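Structures incoming, each one as structure tokens.
Across the two complexes that follow, chain A remains constant while its partner is chain B and subsequently chain C.
So, the complex of A and B:
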């Protein structure tokens, strides 16, 4: 049993990361019908900014945390203004290629700024791991789970209680109707980009202590987050969270009980399975066929 | 979807002088094309530039197949490099482990890729839009992971060395100008076949599917089998490219066939121009020669590559080939 708990903990930790990346994909898709293939690069940039500000430059952790998340959010805004709004003919396939190009561009920039060597960061707090049922839960995992939980609740509050959040939901349901009601849809798109990028940045910040941070780390995280978003139902925020945890736990169990070499295959096998059986995802409603 | 209709209906236009009969025009275009390839192969002496031109040919082969699927039938694939890899690995494993001749493994590789495409295509091509993109992406990732993890057969992440070269008698087809002629010969045949398909009943059916799958089905097109057929065709073309690549380089590793490779293929199609056979040639040439040219930027290579992808898509979303044709026509009408 202890090893089961051990796998479960590692699954929950990874799942929380996938969930928050998936949330970024999903909310952007809901608001703009766009899949951002550069999402993983925002994760990478969040992580590297934190590593620079906190262990290297010695800023206090909370300040470095906020600055890293803000910086990725601003990067998201710049990205929307320069590369997305300027597109003459916004076909989905064109936009997908642009985000792929942006991802390569950001990776290149990160390589120039931070170099090719991987950097580590210490855990947020120097507590010993918790022992539960014979298995160990790292303090950083507790931090990750708590921060993700708070973020998800904050997002829920934002969507259900604030006027801006409701306006954004309206845009997701029907953009033209929302604009007829006086909602500034372009501003909402911009905001969606900012929040989605900031969510990616936050994912990077919280995993910085438990991974090797380098300019290529974003690609696979982005794809996994994407799988999680599809698993839960693209465009559905709760679905993204459910999909993220489901993917994380399934992966950890496969690594533990089957073979560690199949870790990456699990995400994509699950993805194919759900596409064939229930293409709208676990919690998804309507089918999406936009191009 | 509707926006693509415009591409779908105008056929190969431009390139050749306007009022000529289509057959004469085709003979002229292919004549110029074959002449250019032959002249390059005979005159260019540097092995480096010969190999670069051969790579342009391989990528053109891949891009034109994918363009049939994406540009004409409107079915996106983010996992096309998997079939490229299947062609290379099936032939590579049979030649290295069993000692078969590449000429026997060629049909095996093509058949394997076609069969996999058929089996995977059955459930996958029922999907549309982002779901289809994700399904093909997942398939491509899984194939790549299999290449990496079945170490016993595939050599794992470090790759499979020691593939035999292609020879007929004493003529080596894997080096220099011979390789160039072999690959570009395949490209020319593929172009010819693709053009025949585009202008046939099948091609019209595919364009109808692109415009509206329901409307196509309503007028009697068997949409499922037409999509599957073109998917298998694109896969077999990719496998042929994989086979040629594997026996030219004589070493294969999973990273050549990863997700980024699939994305680059999509970029070739889109930058060259969707639903344009000659656009595939342009897109493949640009994206193959660009990184080579970018080496002078050294460290800044990725930045420039990313920027070019973004800028072309922002300012020329219909692809470069169509814009060149437009420029030509504007100049002519002046």
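So, the complex of A and C:
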């Protein structure tokens, strides 16, 4: 039984990371119908900025946290302004390819700024791992789970209770109609990019202490986050969260009860299965109709 | 301009695209030409002609941490040999090219060294893929190659003209298992990274275990980009092996070390020679404490006992390298230094005959060098043993010899 708990904790930690990356994918898709394949690079940049500001430059952690998230958010705005809005014929396929290119570009820039060697960061709080039922849970995992939970609730509140959030949903449903109703659709797109990039940056910040941070770390995290978003239903915030945790736990259980060499295979098999049985994802509803 | 014009331009572009050779021609100038100090040869025009030795290293690009010290060490070895009067009076000249870690460039340079530069032997390349790529050409030209790469495939099966100086995971695994046998460890759990490095190590770990009466009772893998390996470690821990061996290189073993600490793994943790750098201690922090791993002796020269036959050689190389290049010695330049040392011993009496040089190389034995003590034979073109590695333990953020 302690083994089961340990697999579960491992799955929850990874799942929370996938969930918040998936949330970034999902909310951008909901607002703009666009899949941003540079999302993983925002995760990487968030992590590297935190490493620079906190352990290296010695800023207090909360300040470094906020600055890293803000900086990635601003980077998201710059990205939208320079790479997305300037496109003459914004076909979805053109935009998606632009995001792929932007991802490669960001990776290169990060390599020049931070170099090729990996950097570590200490955990947020220096506490020994918690022992629960014979399994150990890292204090940083508790931080990750709490921060992700708070973020998800905040996003939920934003969409359902604020005018801006509702305006953003309106843009997603019908851009022209939203514009006719007086919603500044371009501003909404910009905001969606900022928030989605900031979510990626936050994912980077919270995982910085448990992984090794380098310019290449974003690619696979972005891919897993995309998987989680698809799994849960693209465009649905709760779906992203469910998909993220489902993917993380499935991976950990696959390692524990099948074989560690099957880890990635199980994740992608799960995705294929879901897409076959329920193409809109676990919680996805109308999303597929917009494609 | 009509349709014909466009077709012509397209054809010209296509022709340019499929002839990468013409663009490269100019770039492929040797990085290093003749040794700067060769006044002896000039003063005596009757002296035997230059002995040209080729070098191919990944001097720039991702593997420059290997190629750069190798190139420097080769240059240093050449000027040493020439300062001591050359080989049978003939000055040695190094013709070194940079393959940038690209196998196709390595092949291009190998062909040039063989056909245009007329070298008697080639040192390098730095990487296993680049070395494997040029083997067909050197075998066809029957020219001795001393590779600086670690891959076992370079010398297994034995190819007549191919030798290598870098230690391989065969010796690293052997030295771990010898240590384990001394400590009475009977069972191990393996955790290997799922890339080429991990697969090759895994193969050796499984193959050699029986020779040391060790049983592999857990066998897991991880991918280098994983952020959490606690699930694998938990599964291994449940089998209760006497020790855990993690085989990986780069930052991921540091994650394994942290996870092992987090799970309070009760058994000792061994790692591969891939973690033999200060960077690992920096990344893993406190979690690095008490981890055991094998390493080439160059990194622990100061710690070696005076009885170690390699100590004097290592000190000599380290001092000369640091004095000449004003940078700390790396663990890799020694591969090229050793290759030159072997050639310097095998060259006399050959008169530039490559087949004779090959035979001499194969018959070299008991050559105490930087990477280990070389004993070549017709069955072993790497010539090293488990004593090329030494077991090290991390204590208080530094290395100490594990006794």
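By our rule, the second predicted complex is superposed on the first by the 287 of 291 C-alpha atoms of A that agree within 3 Å, B and C clash if a C-alpha of one lies under 4 Å from a C-alpha of the other, contacts with A are read in each partner's own complex, and residues count from 1 in each chain.
By our rule, contacts are C-beta pairs under 8 Å (C-beta built on N, C-alpha and C of every residue); 3 or more make two chains touch, one makes a residue touch a chain.
Keep in mind the model is a prediction, meaning the values are calculated, not measured.
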item	value
First (chain B), second (chain C), both or neither touched by A:120	second
Which of chain B and chain C A:17 touches, first, second, both or neither	second
First (chain B), second (chain C), both or neither touched by A:261	both
First, second, both or neither for A:136, with chain B first and chain C second	second
Which superposed partner A:93 touches (first chain B, second chain C, both, neither)	first
First (chain B), second (chain C), both or neither touched by A:146	neither
In the superposition, chain B vs chain C on chain A residues touched	B
Partner chain in contact with A:279 - chain B first, chain C second, else both or neither	first
Partner chain in contact with A:177 - chain B first, chain C second, else both or neither	neither
Residues of chain A at both interfaces, chain B in one complex, chain C in the other	219, 261, 264
Complex contact set, residues of chain A against chain B	35, 83, 86-89, 91-94, 96-98, 100-109, 111-112, 219, 223, 226-227, 230, 234, 261-262, 264-265, 267-269, 271-272, 275-276, 279, 287-291
Residues of chain A that touch chain C when the two form their complex	3, 6-7, 9-11, 13-14, 17, 116-120, 122, 129, 135-136, 138, 207, 210-212, 214, 216-217, 219-221, 252, 255-256, 259-261, 263-264
Contact set on chain B toward chain A in their complex	1, 3-4, 70, 76, 123-124, 127-131, 133-135, 137-139, 141-142, 145-146, 148-149, 259-260, 263, 266-267, 270-271, 274, 299-310, 313-315, 317-318
Interface residues, chain C side, partner chain A - complex	62, 194, 220-223, 225-228, 230-232, 234-235, 238, 250-252, 254-255, 258, 262-264, 279, 282-285
